[in-house]
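Note that the chains are named A, B and C in the order they appear, and that numbering of residues resets to 1 at the start of each chain.
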């Protein structure tokens, strides 16, 4: 739910609208969009509840980190499909924007709001610092893996190095996928304890009745699909609204749509923080970012050679790579000690606001 | 005392001198300046003592971190006023140089010398690592908030984006000020314990007689005002001397004047380290940097729209932003474990020397 | 053994070959080279064993960190001599490539493989986190010290600032050498405990007989010289092979030759990890990087003014400095908690692969 591939479906006509009938139709649309928006928002709130409950039930058996992983996987799966559709339609810039937007929204906004709201209820909240460290180093690897092809496409003339860039992108994608598979082996097989929740949350599991594993997984899949469908509608509404409000395409893609599209998943992370289950909060927010950077992105690169009209390359602008690097560095420093409080949430949200401001004012033509 | 706004008052005629009568008058001036310099240096040493004692007396009641905060506030208050005067006179480059110079001098030089001299007396010195982590993440946020407008003014043609830059700068300033106010709430209200000194230093408080809070605060205010006045004289002398010695304006602004102007405050940090009160040392040095970046800088941005001939923007060169980022990263790694020794001081001083060398040799015209 | 100065001796004719008889002779050479390569590889494996045993014997008396330091010193000493020869011949680019290649190979590949193979035998391996932190901050300082002159030579016209650059380079070299000497004082004199191994490894020392200190040091020196000689042959072979395989000079210098040339030393680090002596592993891998950056590099800069046809400056491209910064940041996050496992090895190796891919595809002419 956290990235914004749905734009891929809705956007072309919008951006077309924008150029041809800029103004007139825009002023009518938002009101309809806002109307549409209200329904899914209420539904989202209810269904996030279902996702949270299903995740908790699974986590009873698998541990918090694995529960978070499942949550992230079912959350990202529908978007992967939508991104495929977008790739096929050749909307490469939108896919790129949705990737970077989803990562930023997860590690700064979702985690920040979860820290803030969790910290307003509990003075200090503890979680496993070793897990946070693994997440931080995974994200740094992701930044390197995005920075390299981005620097390439910025510095070198395209005609001369097209073959090189293709090989570089494929090579990077394979390296990242192998690292991601080994990360799953590490997390699920050899070192599940490294991600174990502190304390164990035994008492809380008695809250509701035990669900069967089948029912829990089924609920998670069903609710995730529903949330994906809702976020599609929401994202369409968000896009129209954003355009009508005069936001740039960059801002809509990286910030506005990422927030709206990722609302359901962010909600799960926040609800868990309010229940003082920080390991699951971190598993959802950071685990989802890692999945996008180290699984979704390379899969899209590789798939683009088969389904897209032109290869999809991980070439981002300076602003995107810089924002990602700073987000990851601050995330590492803020979350590295295994203890959160409300002000850490404020810090993460502050950085998100600064980055959002930057993208808001970034002129579209002269984008570096 | 730690930033160099006094140049604002003294500099115009110097830089004017520099261009018109370069050479002749310069050779006479320094000798007079050096004469002037000797008086305030001795006074500074004495008054730093008073500042330290007043801070200690306040800290007896408020804790080390709050004591450090008060020390930093009274240390920065006079400069804020002087910076206002400089803004009004349109000396934007000088204000910028003094901001960046003060931050670098605090987190690298003052802390480095304090670690070094403290470490020569005590083998290992402990302080609260959670507090150091908060300071580090605040500084990273400050770096992001300076990097964004700096990248903007470097990459975009000014004529097209002037309105955008104005909004961006105002937006950033508001975000930073809100974050700073919440930081004070966090530090003083909700989590004073997070900044509490390790151990408690109960024994040392018995060193002198207890002052009344009024006397302690009064002494701090008085001594700070005196130190500010002295640092003004010193900075004027330093500037003349630097120019006479052929230093570039960049080096004088960012390095030479920052060291001289921040001497009194640095002295407080060092004296505390020699007394093994590292939490206060860190509170003074890092707290002061945070205050400059997250309070003084945004206030100046907002104020410039009312008092300055042109808006003051936080647009620094690559060298400044790069130096700041590296300083903050090294500061985070070096100070993150809550234990200092003399060699950590050497490391911080080394980085300061490298950065100072860079600014010394930076050609003025082709500055990136 | 870990950097690739031997290219200096073998390379000129190769690169000459490359330009004149590109193709024909190249196709014959590799087969001979591969033949040559087999002998030293087997010898290397045997002698690494001798180096390891000698280092262990010394460490019995001096502690693991000092053992690692000695290992690194004897490993780097022969290359320093070879680099002198290369400087004298004016092969500055090769010396630069070998420096950066050796650092990257040590902190990413050698440490990564050691973590991976050590972690496959032992579930979790502990080492002294304070020592890892010192190494990390030293490496950050090294990055700053390389980034500054690199930025200089990139941004400024050479004719105008040649005198400036000379002074900057000499100044930096002196600062780094002083920092390195003080680092030795810190490590060997005032805080040997900060680098002490966790636990003490008393049991393992009984493995073999105790050697006399003279025999241990003698073996280390002898084996190191032998390994240096072998790595010269190996590097020559590697260079020819790399050129024949169509690798760019950048890739050969920074990646291929660095791996081959550093094989013996990397082997020591890996063997120690398999014996669960992680403090020595880290001492060898990171200690060697620090020595190259803070001792070998500045010594070469200073020496170049006496022996080289033109001054040797620490001016690297963006790709090199960027790679180094990311390597050090990831190294700091991954190794900072004093506990390793196989997946941390995978992470470091992944970053090395990404960087190697970058250099592989970097076009030579348009190198930024």
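Heads up, the rule we're going with is that contacts are C-beta pairs under 8 Å (C-beta built on N, C-alpha and C of every residue); 3 or more make two chains touch, one makes a residue touch a chain.
Fair warning: this is a prediction, and the values are worked out from it, not measured in the lab.
Peer 1: Same or different: at the chain A/chain B interface, is the fraction of residue numbers used by both copies above or below half?
Peer 2: Different residues, largely: of all residue numbers at this interface, under half are found in both copies.
Peer 1: What is the size of the turn, to the nearest 5°, that moves the C-alpha atoms of chain B onto the matching ones in chain C?
Peer 2: Superposing the C-alpha atoms of chain B on chain C needs a rotation of 120 degrees.
Peer 1: If you average the CA atoms of chain B and of chain C, how far apart do the two points sit, in angstrom?
Peer 2: 38
Peer 1: Can you give the whole-Å distance between the Cα centres of chain A and chain B?
Peer 2: 38
Peer 1: Note the residues in chain A that touch 2 or more other chains, in rising order.
Peer 2: Correct list: 329.
Peer 1: State the interface residues of chain B toward chain C in the complex, per the touch definition above.
Peer 2: 123, 318-319, 322, 326, 329-330, 333-334, 336-337, 339, 341-344, 346-347, 350-351, 353-355, 357-358, 360-361, 363, 366, 368
Peer 1: Show which residues of chain B lie in contact with chain A when the two form their complex.
Peer 2: Answer in residue numbers: 129-130, 133-134, 136-138, 140-141, 143-145, 147-148, 151-152, 155-157, 160-161, 164-165, 167-168, 171-172, 175-176, 178-179, 182-183, 186, 190-191, 194, 329, 332.
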